[in-house]
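Let me begin by handing over the structure; questions about it come next.
As written, the chains take the letters A, B and C, and residue 1 is the first residue of each chain.
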Amino acid sequence: MSILLKNGSLKGEKNVDILIENDKISKVAPANSLKDDKAEVIDLTGLIILPGLVDLHTHLREPGREDAETVATGSAAAARGGFTAVHAMANTLPVADTAGVVEQVWNLGKSIGLVDVYPVGAVTIGLKGENLAELSAMADSTARVRIFSDDGHCVSDPVLMRRALEYVKAFNGVIAQHAQEPRLTKNAQMNESELSGRLGLTGWPAVAEEAIVARDVLLTEHVQSKLHVCHASTAGTVDILRWAKGKKVNVTAEVTPHHLFLSQIHCESYDAKFKVNPPLRTDDDINELRKALAEGIIDVVATDHAPHPMEDKEGEWSSAAFGMTGLETALSVVATAMVETKLMTWADVARVMSEKPAEIGQLTEHGRPIAENEIANLCIIDPNASWKVDAKDTHSLSTNNPFHDMTLKSKVIHTIFRGKFSMKSGQVQK
Amino acid sequence: MKKHLVSAHDLNKEEAVLVLDTAKELALISDRPVKKLPTLRGRTVVNLFFEDSTRTRISFEAASKRLSADVINFSAKGSSVSKGESLKDTAQTLQSMGADAVVIRHGSSGAPHLLATRNWIDAVVINAGDGTHEHPTQALLDAYTIRKHLRNNEGDLNGLKVAIVGDILHSRVARSNAILLKTLGATPIMVAPPTLLPVGIEKWNGEFSYDLDEVLPQVDAVMMLRVQQERMSDAYFPTTREYSRNFGLNAQRLKTMQKHALVLHPGPMNRGMEITAEVADSTNSVVIEQVANGVSVRMAVLYLLLGGSNSETGENN
Amino acid sequence: MSANSRNSARVVLESSDISRALSRIAHEILENNKGSKDLVLLGIPSRGVPLANRIAQKINEFEKVNIPVGSLDITMYRDDLRLRPPRALAHTEIPDGGIDHKIVILVDDVLFSGRTIRAALDALNDIGRPAMVQVAVLIDRGHRELPIRADYVGKNIPTSMGESVQVSLADVDGNQESVTISAGEQ
């Protein structure tokens, strides 16, 4: 059945009607001008229409850690969060370092059919940082991998990083680096600062991220390749990115919603749901990251959705796992941090959460203009909603949600995936 | 007083002085033929030690028993914990055995805080050392020892300067002392090589120095912290020789200190590393006495947290 | 302090009355024990302590001997510990010479339920073994809840449970000394 969306605000700019037939947008017209008796009519008065959100950085945990998440539950969480495409990181068990594993994840995503799941391939075999994985085989597989990352681990060996950057040029791939100098962050627990000194938790100094970003940016320039910086978290990283882009180095960067919103002060409670890698930083860092995102120095928002079972998060800090869930809250956190504060418009949100991520991922059916003949991947938002987050109210298998009990603005109301509702009025379909 | 003693921050000045005054009275018990008071009869105190520590555990055990409490010792080695039982499950097992107080030593900073705030147990939580975070009863017994010698065992520590020397970065004793000494009006001065001082220390403890010789003549007491040999392999300092040359307390350095100055050490001592045998056995050294004071101070803490109904401590009427 | 300045407060002992009562108690102690040999006075904080000191002083005036005086804090031996928040401890000082084989005279300001004296007996038991224990109080207000009695009493004042007895001593409360009874629980 076709869908007729009426009187929604297109990227917050002008009100339109949209007719969706099969999997495509068949008509876009001024508000309240379209009629179709056979269509399901949905009134979008007061709501914002964005292209379906695209996440460049998600952990779906399958294969191997299905106690924390599966492609099915992760897809449902993504749909609820307004996403129509997610990139699944390679640190599964077994690691996604062969065509076989990435194709498995790709097929799983397709069969579930709530979002497009694009597997990310590992850079090194087993994420060990010693030998390159078969990047070309993964690129040629049905999953058509273009983004490679050892996320969870840093490709710290400079020679290996150089080789990886060079190698992917053959198929226009991009290396996404988790920047963390391993020796400087041995047993690190939280941002290194006077707070970590007071709390007795081993520090994760900002320089451990910045030193790697600086090195990688220079390597990328030298070998004329592409670099993507995962979860930028410090003001220093922003400075390096600004400098690199000034020299026209082909580098893109992502920031997570939690790094735009939560500071290290939350660690005082020793509640490990605030334990994440890279760690929550200072208010200063948060301010610089927000400005950088608004300016475009940081290109996209990526969730780094990292589900963990309760037993890995409820105990003492130093034995807890790193990571926070984020698919279902991402849009609201960005709206609260950036739109409410007038740092960004809804059109900017579309840019950083859909258009630019799709461009980096080289996706042809997401992040597209909302125009006739494009595949209908859309996300509908209520910009005036104010809601209290409940960690237990989730499609994810995991509840390690740092925003629990916080009040956020804006909410995703509907998600349309390839012309069908994957999520309608807050309910995931199927 | 707060229900739990998890951090030295849990005590304001009046409460800290109350603990010291109470300890002073309880110290008299050790001179009696019957070293017992009936006060905690029927209460169960569990020593939940996830890290080995004979001396602290025995100190708490003696303190509990002198107050007639029943003591259960739970050591994590070879127990269900070493097989992966979580902190939460361990705590709840103890709760169901009727623990009124849990004295916890844990390798992870923040573990006592979780026990005190998560509602897994009803018992009173006393921190006997958590990771590199805090060790509040050690700070209390250090303050008690200093007060006994330098303030006639009365009042606070106003105006006193205390040097804390050693691996400040990894020391929970240093952190608790920094807090408590300030609460009692004293000035703690941290002394260490730059590698062993936490980043940002100037923000939570204003005074620090890399020069032990400069600081020693100014202070009324010096607290030498144990420095582990393992720190050498992580390049915190080049050799033990260089460390003790610059930061070890030896007889020559002792001579530069004021006559009344005290030498403290939480133990166990690395004789020859941070403190020489000569200094450890000198008349300025109060190391042995610290141990005895530890029992009185822990008795005071147990009494004040467990000895009445569970609410604000009241004055005698 | 006159009876009119507080609601139904009546002064039952004034400063001079207190002094006379303590003198009489001192005489009675000496008479009863046939002298001052082996006597030890232990005041129960807080007001029992100055009273014990004064009694010792009077004994010194009469017999020219110095009786050992000390204090015995009974907080840790109270039977009502669990009913209230933990109380601060007062000072215990047992005189040199101890209490073994001595005649220990416990001194307190008011004898009421008798529980304080019972606690004091338990405390003494952990400190040593006196030859005899006697009790001296300034006021006995009745309403015993345990089989405890005083050997020396300054004044017997029957009271009702709804009244409270305030003892005011220079050392503890400031200048004006008195014993007052007023309505309202202690």
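Here is the rule we go by: a residue touches a chain if its C-beta (ideal position, glycine included) is under 8 Å from a C-beta of that chain, and two chains touch if they have at least 3 such contacts.
Nothing here was measured: the structure is a model prediction, and the numbers come from that model.
J.: If you average all the Cα positions, which chain's own average lands nearest?
T.: Smallest offset from the overall C-alpha mean is found for B.
J.: Can you tell me which chain lies farthest from chain C, using the average of the Cα atoms as each chain's centre?
T.: Farthest chain from chain C, going by C-alpha centroids: A.
J.: Find the geometric centre of each of chain B and chain C from their Cα atoms only, then give the gap between the two centres in Å, rounded to an integer.
T.: Each chain's C-alpha centroid was found; their separation is 40 Å.
J.: How many angstrom between the C-alpha centroids of chain C and chain A?
T.: So the centre of chain A lies 77 Å away from the centre of chain C.
J.: For chain A versus chain B, what separation do you get between their C-alpha means, in angstrom?
T.: Centres of chain A and chain B (C-alpha means) sit 46 Å apart.
J.: Which residues of chain C touch chain B in their complex?
T.: 45-46, 73, 75-77, 81-92, 122, 125-128
J.: Give the list of chain B residues in touch with chain A in this complex.
T.: Those in contact with chain A are residues 86-88, 106-111, 113-114, 117, 130-134, 169, 172, 175, 198-201, 203-204.
J.: For chain B, which residues count as touching chain C in their complex?
T.: 18, 21-22, 25-26, 28, 32-34, 36-39, 303-316
J.: Mind pulling up the chain A residues that touch chain B in the complex?
T.: The contact residues of chain A facing chain B are 192-203, 205, 269-270, 311, 314-319.
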